[in-house]
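Report on the following structure.
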Amino acid sequence: MAEAVSYTEKLKKWDRFEAEKFSKKAPVTTPYPFIDIEKPPEYRGIPHINPEKCIGCGACVNACPPDALIMEWDKEHGIKRLTYNAARCIRCARCIEVCPTGAMEPTTRFEIATDNKEDLVEVVEHKLAYCEECGEYLDFTERQIEYVKAILPKEIFEMYALDERIGLTQEAKMRKTVEKLRETEGIPVSAFMLVGEVKDKKGGEK
Amino acid sequence: MVTTKDLEAHFEFECKACENGRCAKADVETILSEREGLKEFYEAFKEHIRECKRMTYGQYMFVIDREVLPDAVLWWHNHPEFKETHMSTAVGTDERPLNGHFVYMPFLSVQVEHRNMDRNYWVFLKAYLPADDPSFPSVAAKLPAALWIEREVKDLLGFNPVGHPDPRRLILPEDWPDGVYPLRKDMDYRHSPITEPKTEYRPTPEGTSLVPLGPVHMGVEEPAHFRLFVKGETIVDVDYRGFYSHRGIEKTGEGRLTYNQVLFLAERICGICGYQHSVSYAMAVERLADVEIPDRARYIRTLMLELERIHNHLLWVGIAAHMVGFDTGFMHAWRIREPVMWLVERLTGNRKQYGMNIVGGVRRDILDYRKEEILKVVKEIREGTKKFLDIALNTNTFIKRAEGVGILPYKVAKAYSVLGPTARASGRRIDARLDQATKTAMAYNEVDFKVPVYKEGDVLARVLVRMDELFESLWIVEQLIDQMPGGDIMVPIGDLPEYEEALGFTEAHRGEVVHYVMTGEKNKVYRWKVRAPTYNNLPAIPEMLRGYHVADAPLIIASIDPCYSCTERVQFVDVETGKVKVLTEAEFNELSIKYKGVF
Amino acid sequence: MNEYVGWAFKIAGVILFLLLPPYLDGIARRVKARLQYRRGPPLSQTWYDLKKLFAIPSVIPTKSAVFRIAPYLALASAITAALLLPYGGYVPINYGYNLIVFFYVIVMVSVFIMLGGFSVQSAFSHLGSAREMQLLLTVEPILAVVYGVLAYNAGSLNIATIFNNLHLTPSLILAIIILAYALYVESGFVPFDIAEAEQEVIGGPLSEYSGRLLGVFYYAIYIKRFALLWFFVSLITYPVMRPINDVITSVGLFIVQILLTIAFYPIIAALEATNARLRIDHVVKVNVKIFFIGLGILAMAFMGW
């Protein structure tokens, strides 16, 4: 990790067309598998999922044209599985563009030949968030919730009472809303009030 | 055959484009006066034209009755003034979910004036076919350019071209059951039925013997099956069976992908002209979305297209040399080509399959230090190619093999709608870069270059046309670098309008690539039709082969620069794992005796 | 003593023509690679290829015995041809009219390749065999005429005697030039590899062969090429190095023969690398022309020029 030069500097320095390399006559072939082939820094190799950064949002899965990235839910065990299959990958790097956290990392690796198919597959498993109220797993991962908490402005949080509601399943949320609706029956409130803090009103009523 | 008039169906269709103000249904006169020839056509077929509209800039559509299809196509094709007008291809669409009809739509590239993109235009002749009887009179009976496309729609959509001279199966494999049509909307893209294979080869003519050039043959780089009927060493006739690499990309694109995902799939249609497909597709979608892409993006696209052309032509000339056993030429051509690949790797991130495009612009910018490298490489290529040509064209044996071989006369080239360098070597003055309005996606209108045309029509002329083009491309690249404007490299695209059609096209190294896109709901693609140039060039191969030696066949076939995977684009196969049986040596020998001469 | 020396040379010759030909091919591959700016395979690559082929069983696509036997007969013919040539002045099999036998045995290699090709049901084999036959039928007359010139010039039909008794005439020089052409065509180098053209007829007569049988065929072809080149080399070294009457001159001759053979191969490789393959009709035309020129030379030889 002793790379002091920045990426752009590296780009400028890297020169395949150096005089001695380019004007070299015969032979131009290289004993390829036995030597490392030169790749420019811009080279778009297969991507790599950084499990530390990945939050399991599935943006990459939506963008991937050839279905190299697949998302699976295992609600029983509370696991969301993101699978990357290099054999299907067309190296378009769309996933890298759309990844919100930079977990999809570009590499310059292109040799994926192997005698074991499993070498081509990268699996990242995420823990699904657990809804205390109904005892079921959510569609989202714990990290997704953390991420949302980290990026959303506080006002929105307060407005929609997300602190309480974010860890709930869809049904629980609906149930809560309905409950609140009942509580506020007859009082005209705007939609976000239904989910937000209605303490004041409640208090007023009392 | 039920005539369209009986159905009276056309009158109910509402013109969706009207709402967007693009279709001037009410004002037919304005549309017809926009381009020369349109009015004339309207007058000639007045009682059969149901609707006419402008799809987008320079693309006009006439909804006509199906019984006049051949006449209408031939009217354009044989137009006395617009000499280089050709039938590009046709699109078959299953529009039953929308209006209960099938659609068969041949379209033509009308060339009013060579190299004037504002006067030339595309004409789409749309015919609605009833769902219970999807038949139409065959155009192919009179115009060989329609031979393949009519067989294709017969295979994939179950249309019936009445009077087609050769209604055999073209695209679907031999073991595909009759009556299952993959491109119909009621078929799932994962469905893959298989029955007993039955072959439909043409019988060997009297007094000739069969030389099977393929399905796997050294002289044909990809799977293709030319059945040469020979007398001694002279080729009498040729039968072609191809589409072994049919992958069903069109169906996949229509099934589940968004328009941006299709773009990357489009690039994977071909390993050589991938970027051409990508740009064509992007152009079609941009036309639909009605956006103007930034100038810088247009320049970068043009630059990449030309770099692709340079490397392809060098690759091709190498292959041509290899086909006649001139391996030194092959090696040197590929050595000269290699810096282009390196350069492109630096510019886009990959040697091929650039992944550079996105609908609305490009993904990577051309930075200044890369510009210098481009110029360096261009210089290198120019010198290298000059030297190479000097050697290759002075190799007597090479010239002896290429000269006067595989002659394709102008008239045949026109009748088959042969495209690209193959057509230009036969004297056709066509080049979609300048002939059609490419200015919305590319910057060809802002650079200066020549379109080399040769009249000889033999293999040597095809070599020379490509080499001249190569130097022109180098010159274009230099101009582009010089004139490159600044600014953004992409514009965002909003939602696409529903059920609208547009055509995207580029002049690939082999001829014009055409992508027809019809949008569906929710930013998906309802119909995506890809026509690679080889699709038009390959049917003309038998004409070129007839009368020449078996020894010339690989060179002649290679001379059109065939690209089978492009042509056969269009099956996701669920591999049903059968039992694997290891044959013993004796069994293997038995088999090879049993199938002798059958292949 | 002299007898032992003779045997030593004969054995050396046998070892030479069994081992050297694949290396010569290796040289040609290397030279070609360098002309094409490639690295090229190691010199013994052809040996590795043969070794691999010998280890693989063949697919037999016919019940005809000719298919199995033809490669071995071709190899036997090629070896016989090589045995008829002088190595350092000593000929392993030496008798009166062995020039005719040499001519015949060399033809037999091509004939067995042809027969092997015709014994299977494959359009490519048949096309290739037909081409091989056309080549043979047009090249052999040229060779016959040239051999006629040589025999008349030296007054003998024994190869060793011919080499020893040649005297320099214009007709001899012309005959050697034509012989070089005919031997080049006969060896099947590019641009005359029409019978085996892999892009056109995928190996021609060899297209149905695989594994061991193919290896034997290749080996036979290499030895045949070697024999033809050795014949040519002997033809130009003998008259220069005469008289060969003791061990030292014999050794000298042998070494010069080997060096010249090795030296000729890069030239051949360069010719191969800088040419495209001709078509059979081109070659037939050229061969017919050269045949008539050869007849003229024969007439010259009869007139004593």
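We call the chains A, B and C, going by the order they appear; numbering starts again at 1 in every chain.
One rule holds in what follows: a contact is a pair of C-beta atoms (placed from the backbone, for glycine too) under 8 Å apart; a residue touches a chain by one contact, two chains touch by 3 or more.
In this text the structure is predicted, and so the values were computed from the model without any measurement.
The largest tally of C-beta contacts between two chains is found for B-C. If each chain is reduced to the average of its C-alpha atoms, the one that sits nearest the average of all protein C-alpha atoms is B. Between the Cα centres of chain A and chain C there is a gap of 69 Å. Chain A and chain B have CA centres that are 38 Å apart. Taking the mean of the C-alpha atoms as each chain's centre, chain B and chain C sit 49 Å apart. Counting partner chains per residue, chain C shows two or more touched chains at residues 37-38.
Counting only residues that touch two or more partner chains, chain B has 335.
Chain A has residues 28 in contact with two or more other chains. The touching residues of chain C, counted against chain B in their complex, run 32, 35-38, 57, 59-63, 120-124, 126-127, 130-131, 190-191, 193-194, 197-202, 273-282.
Those residues of chain C that touch chain A in the complex are listed here as 33-34, 37-40. In the complex of the two chains, the chain B residues touching chain A come out as 257, 260-265, 267-268, 335, 338-339, 342, 345-350, 353, 355, 363-364, 367, 369, 373, 376-377, 380.
Chain A meets chain C in the complex at residues 25-31. Interface of chain A with chain B (complex): residues 11-12, 16-17, 22, 28, 39-40, 42-44, 63-66, 90-94, 97.
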